[in-house]
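One structure coming up, written as structure tokens, with questions to follow.
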Amino acid sequence: MALKNRKSCMLFTEPPQQIIVAAHAVLARDSVNSEARLVSSLLSQRRLPLEPWTDQEIKSFLLNISSWDTNNFRGNIGVGEREGRYASNLVYERNFGLMHGIGRSGDIAAVQPKAAGSSLILRLTRYLVADAIRLAGIPSLVNDVPKGSPCLLPVATGMAITLVLLAVMKRQRAAHPNVKYVVWSRIDQKSCLKAMQLAGLEVVSVDQKQSDSPAEQGLVTDVEAIREKIRSLGGAESVVAIVGTTSTFAPRSPDDIPALGRIAKEFDIPLVVNNAYGLQCTKCCSLIEETSRASDARVDAVVQSTDKNFLVPIGGSIVIGRSDLVSAVGAGYPGRASMSPILDLFITLLSLGKSGWMAMLKKRRDMFKSFKTKLQQWTAQRGLRVLEVPWNRISLAIDLSSLNLDSGTAATEIGSALFTRRVSGPRVVLCENGPSKNIGSMVFSNYGSHSEDYSAAKSYMTCACAIGCEQQELDEFLVRFDHVLRDLRKKEKSISREQA
Amino acid sequence: MALKNRKSCMLFTEPPQQIIVAAHAVLARDSVNSEARLVSSLLSQRRLPLEPWTDQEIKSFLLNISSWDTNNFRGNIGVGEREGRYASNLVYERNFGLMHGIGRSGDIAAVQPKAAGSSLILRLTRYLVADAIRLAGIPSLVNDVPKGSPCLLPVATGMAITLVLLAVMKRQRAAHPNVKYVVWSRIDQKSCLKAMQLAGLEVVSVDQKQSDSPAEQGLVTDVEAIREKIRSLGGAESVVAIVGTTSTFAPRSPDDIPALGRIAKEFDIPLVVNNAYGLQCTKCCSLIEETSRASDARVDAVVQSTDKNFLVPIGGSIVIGRSDLVSAVGAGYPGRASMSPILDLFITLLSLGKSGWMAMLKKRRDMFKSFKTKLQQWTAQRGLRVLEVPWNRISLAIDLSSLNLDSGTAATEIGSALFTRRVSGPRVVLCENGPSKNIGSMVFSNYGSHSEDYSAAKSYMTCACAIGCEQQELDEFLVRFDHVLRDLRKKEKSISREQA
Amino acid sequence: MALKNRKSCMLFTEPPQQIIVAAHAVLARDSVNSEARLVSSLLSQRRLPLEPWTDQEIKSFLLNISSWDTNNFRGNIGVGEREGRYASNLVYERNFGLMHGIGRSGDIAAVQPKAAGSSLILRLTRYLVADAIRLAGIPSLVNDVPKGSPCLLPVATGMAITLVLLAVMKRQRAAHPNVKYVVWSRIDQKSCLKAMQLAGLEVVSVDQKQSDSPAEQGLVTDVEAIREKIRSLGGAESVVAIVGTTSTFAPRSPDDIPALGRIAKEFDIPLVVNNAYGLQCTKCCSLIEETSRASDARVDAVVQSTDKNFLVPIGGSIVIGRSDLVSAVGAGYPGRASMSPILDLFITLLSLGKSGWMAMLKKRRDMFKSFKTKLQQWTAQRGLRVLEVPWNRISLAIDLSSLNLDSGTAATEIGSALFTRRVSGPRVVLCENGPSKNIGSMVFSNYGSHSEDYSAAKSYMTCACAIGCEQQELDEFLVRFDHVLRDLRKKEKSISREQA
Amino acid sequence: MALKNRKSCMLFTEPPQQIIVAAHAVLARDSVNSEARLVSSLLSQRRLPLEPWTDQEIKSFLLNISSWDTNNFRGNIGVGEREGRYASNLVYERNFGLMHGIGRSGDIAAVQPKAAGSSLILRLTRYLVADAIRLAGIPSLVNDVPKGSPCLLPVATGMAITLVLLAVMKRQRAAHPNVKYVVWSRIDQKSCLKAMQLAGLEVVSVDQKQSDSPAEQGLVTDVEAIREKIRSLGGAESVVAIVGTTSTFAPRSPDDIPALGRIAKEFDIPLVVNNAYGLQCTKCCSLIEETSRASDARVDAVVQSTDKNFLVPIGGSIVIGRSDLVSAVGAGYPGRASMSPILDLFITLLSLGKSGWMAMLKKRRDMFKSFKTKLQQWTAQRGLRVLEVPWNRISLAIDLSSLNLDSGTAATEIGSALFTRRVSGPRVVLCENGPSKNIGSMVFSNYGSHSEDYSAAKSYMTCACAIGCEQQELDEFLVRFDHVLRDLRKKEKSISREQA
């Protein structure tokens, strides 16, 4: 597009010498050019900026782009039923005037004619996310913007898994009209199970098994049981997908994705991975990358949360994987969708930049290592122990068995005592006489422990060193946990005294 | 005024007399009390405030509520993997610190322990929406907050229809394991069709038929064809749902929902209504309300858009209907979801108040009537006509047949010429030799005209007088449309001269 | 300045075709160009934009300009003691990053090398204000940006008058070393008097006199007394300036500026006019313009408030007048000053545009006329009257004499009763046995009535129809005033009954 | 918890149990109470909060207080000419609805009846500033809120000095009608001089003298010359005030305030101290505090900048000192004034808290020490030196004499070369053949060097380690300075080669 007469934008980029002193204007122009270079570089490189953008720079850019949507055109008039109108200034402002959402009826990743600006932001965000995932360790699955992977969905992980499975199901049914099972390496996290059930599939759950190594207390994928289950169900004729999970509460380990990938290849069944908060963890990422690169394995789709990896409000997810499948997920989405989760992600990625993202990843890794070591000493001093789960590098489980708490209530009291002390996040799990739970038509014993009969501990408490966590939070956690333990002991003493 | 034992809140609500002059403080206290009364009244009445809240009042309230979420607690520490952290101030600010989204793994309408504030906003928004829908004309279907209807979903209309159908399907399959068809009164709007296909259902489309009345050119529901189709498919044994649409482009009329409701009752098949932007229209609402109240009819779920009715950014929808079904839709949602569309709606409803909402509804109704009359005169003066569709009171179709445009291209040129002149919204539709379209496995001729053989016009252009539209937009539309028509005639003349 | 390689800014102004569809990008580009044209036109025309800018457009422009200040340069480092640093994000944001204030040590209107952006905003605001004043009716005194008039001061009217008088004094003392008096047409408004006293001058007050016309009750300038006073003081040898006031509470009239201007010319003494909120009033403006254009008169400086004329927060003023004097006011200002009042004014003027400014002026004029008529009828019905003051077209005085209130307290009770009913603005003034007041070394009787012996009323209440006032405020004022009057009568009755 | 009779505020401070689950509400209530405690503690303690407030907490508080001003009352109507109206949402928002400014016509520190909220903020800010100054090291002069010291002025340092001198002059003239001189320990900073001239005073400048110590190169107060000058002028009969300066560019030292204080006491002449950015420096503060506490000395008023000490935008200052004088400064101010500089300061102090303020002070002190040491080594390595000025602990002067730059131009080139490299702040000063400058009627040689004949260096460059400066700025400064020096040497070589 040839633009001969460019006067119109000139004064935007050059300080007006007639109004202020020319000499002063020179440095100002350089500054404006710096900003223009930021934008230019973003649009041409389509990678995370090396250094963070400031909030002012981000806002300036958003206001610029926002003016590309028809509803923000000077003199635009709307005589349709969906014209990006607004009734509240506050709403308009907090959305930077981006009212048209993303997607078209045909495809959630498609460009909207009425909303060139919003569409550009979606595209750019996909590029930036691709770069962030590349840096996190899964370069092989994010090479197909604008067509395929990664795809951004303004729904959280659970709903994204449903959408992926609906797309998988549609394809598999074309070849195998009777498929209906999902074979699933059990994880006691309700959303994932409901996601599969919502897709109308029958879930076949395979328990985790305890690690063979005596020095470890982790639960690991029961690969053989899964293979056997698939075989007995009839393979690809009846099994629509295998679902594994990487990021998970200890003592569950990330699933052995490479092994699941080999089974998937062997039986010609798609493998879907729930990598909800796994982008922050090198281990989780490398399991996926390894599988993706292996010639004897396959991984079809991997779903991750935007909020848990990139610290935005809940409500977005990223699907990566085989590009034809990922693009089918986007193309199957009926109609437009909220821009908000994408906008939050876009802003966050610009405000982190490559340096910020790398620093956050490194900080978490380092902090996890040192906290695990510290927690091992700390628990040892108190007659407790940390369950050893070498592959799980986000979550830690503290064995509470030695407290000899007589009932489930007593153990779970620890959780609520911590919550009252403004510690959020820890979960107490009972592995003996724990709760049983119906979800859909399925029943689970000792729900929460990922297994019907985990024997390494009677009860334990998990805590995590997740991305965005601060060292002082971990330090203070131990202080408050100590208070809770002391209170517990006092209470027990007074009870036993009374009983005596 | 005796104020004992109010230490915690006292200084917040009463100006401190020690610091400023007591006399001045009295009026200030009254003002603070006015605001407290606003909040108190909102929480106790749970209805739209009679008068609009100001942006300052809304922000103040949101900041207050936001402090109820754990991530905003003073001194809170997080040791979980999802703690409402943020990396960008800009993101935190634009979301008022509400980072935890809505819903729990169990239910999208459930209260989150970590996010009492966000949960409260969701609840309140459901109450306010219920009130707004009551005022719009469907009081009988919105009486079950907190348990059931209305349910708010942070997904747009299409995806909401999918979720409703998945919930319907689950229930119907329990009784009729082989259901698989949706009988659908055709509307040429892609999202709706894709929504049904995404749910994995087979769509049976029944064309609209032309109105029997010679003075009308509207398309209306072919009630008998639908009954016959259901019968031939095997009724409730194979048909999972009937889907009808109210808000629609002219010359299509709103579906005859009462008649569909009677068929639904007769065959014991759920009726789902796509009322996307129908809340703004008394006709659309009364069709639904009438059906809901009729003893010989049923309506199970009605889906409407938040953006098209309440002028918020795209991305939310409201499901109303039978409370057990509506609550099942919420309970089936896997995991948490974005707060943003709910927040935008909450802010908008407070900033409108009852008076604002009623005024917007009335303004649109009045403007539609006067615009239709004006357009009839305007077109008559130019040898065109407005297709007469008495039930459609949002959209108008201008018959372009008399222009004798020789090809589809020429007709659609009008649309792009208008777009270039910054008129967004009009659609040109060809009813003869129009485009044929494959969507999923289905093929449609003359796509866009809701019928294989609409004969009242060769081509027409639609425009709408939708909520939020301004009179000056309608006036200016005619000015620009006139320009386009003149350009068209000039071009034709010069072509015919050249040919001569 | 030749800028050959302009690639860097290109992508800012053109949507990137590689990322989104080229066809969609064309309209977006047009939109961006519209915005660029706004800016370009602002910088080249330096007049109020014809139509309002939107808040998004204003913010976008401010963020752009803000990046011209060194503190916002990418990579800037500061090793001075004043580097535009900030400790609070909130402060930075609300000031759009404009931290350097305005002015240099040499001149408040000078360009700061470190702050080209802030300096540009100041310059532009002066141009826009010049245009607004031109439109308001004083074109002859605002033609010297960037050198002289108008000058913007980030101090309110009172302090601005002090600064003007200090500059006047400095000049007059060069020729007349013993000048020390200001001759002042009395107005009972404390700030103005204190402004003269702060400048170290001795104020000689000349009372207003009652209008000669029997049909009028206004107070008018006692021109002859002023001339006589100046003569008796020794003329230019001892009188440093004459100070008159245009905008004022009824029944005081605007001073007869042309007559004062003639005296000023005659005696060769500068005339300073307090036109605090007079820009909104054609009468006030024309008095000044007429004087400025008259060959036998002079007007040296005119001071107006930004808040009272342009509805911004209190804290800014505009000095217009003889360009050499006005520029001396700016050049005498010691050091830098707050940007905030200028920024508020700049934003407001852009958001009004010419059309908004003209509409506001017209609305007020029309509203004043109809309100005066209505109030005359309304008071007549209640046995009260509006004091007739034909030249005062902002403020109205309601004669309360007929209420036969026995004491000052009773009359002033009306004011506080209205305040309690949330009516702000009315002032009750006692003209008999009113309060006497010491200000500095001066003593005034019946303070508030601008005269020692105003006899047309025993007490009156003023109210104003000022710019920004809404019709419904005026209507509601009468409703609440009526309540107050009724309460008063009830109270009086009950007292007289008790006494009986 | 028994909560009787708390209807008005109850729902504001307690989550509504009827709407969300009671158990979740308990923690939320605790959180709300935490915030209420923050406010309660602020209002009762009137000290800096121990820990920073978050931006959300600050905004929430401001929106609350803002509702105490009449213009934000629900249902308020205004019929005055100054009603806090606004024309731009953007302006209203960025000012949190605080439109009424501060002060009354009677006193800038007085409470406005129409603006209880704004008045409260002003009062609180004065308390917080008092606390901050106490912590900085001048506790003896800030003990009289609400009546006297500290006083906040929404004008920058220069103008504040003018206002102080006008107040001083008024008082001194009562006793000594012929006072007209200010005796001033010279500092080559234009605003201060202009401030004295604006007040209409005749400035008598006394040069700094070089330190007697051979190991030092600092300029120090010529105490004897000042005493002699005062004596020769006639003492209190003709000298209105002595003005000294603490914070200053090296090699000038802070003035010997205790010595000046003793002279002031001896002659019974007020001492005014320009402590513009001295709050950040223990030395500057202790000089003032020592003088204030000494029985044989006096210090009447001390003026400091808000921006240079507290990192807010330019435009505010703090006057402390004898409470009667300080309150006279406030009471002399004619009319209302801008709220903005106070608001910025209030927000900043809350967002710093005591811990933040103390940390900033300490960081600067530590950084200055280490930077001075580093700079001494760095310059030594390059054949330069740092001028030794032991009392100046903010600014450092690098002697450029050894560069043998032949002309002033060459030396000042260093400054502009640094500015081009985005280093702002350094000043190059010529002590031989430097510029001479007329300010008002005064002429100074070698302007910038605070002395007619500073002989320790031919030219030098100053840089500062001021509050808010970051370590990386200082490090990067040396890198860029090095580049500039190398460029300079290259250029010189090429010139000498050409000449050869």
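So that you can tell them apart, the chains are marked A, B, C and D in the order they are listed, and the count of residues begins at 1 in each.
The rule is short, and it goes like this: a contact is a pair of C-beta atoms (placed from the backbone, for glycine too) under 8 Å apart; a residue touches a chain by one contact, two chains touch by 3 or more.
Because the structure is predicted, anything quoted here is derived from the model rather than measured.
Seen from the C-alpha centroid of subunit A, the farthest chain centroid is that of C.
More C-beta pairs in contact connect the chains of B-D than those of the other pair, out of A-D and B-D.
Subunit C and subunit D have CA centres that are 30 Å apart. Chain centres here are Cα averages; for subunit A and subunit D they lie 48 Å apart. For the pair subunit B and subunit D, the distance between mean C-alpha positions equals 56 Å. With touch defined as above, residues shared between interfaces to two or more other chains in subunit D number as follows: 27, 55, 59, 70, 73, 75, 89, 113, 419, 422.
Within the complex formed with subunit B, the residues of subunit C that make contact are 27, 89, 419-420, 422.
For subunit C in complex with subunit A, the touching residues are 1, 3, 6-17, 19-40, 43-44, 46, 54-57, 59-60, 63-64, 66-70, 72-75, 89, 93, 96-97, 111-113, 116-117, 119-120, 123-124, 146.
Put simply, subunit C touches subunit D in their complex at residues 55, 58-59, 70, 73, 75-91, 94-95, 98-102, 105-106, 113-114, 154-159, 161-162, 166, 169-170, 189-192, 194-195, 197-200, 247, 277, 307-308, 310-316, 332-341, 344, 347-348, 351-352, 356, 360, 394-395, 419, 422-427, 463-469, 472-474, 476-477, 480.
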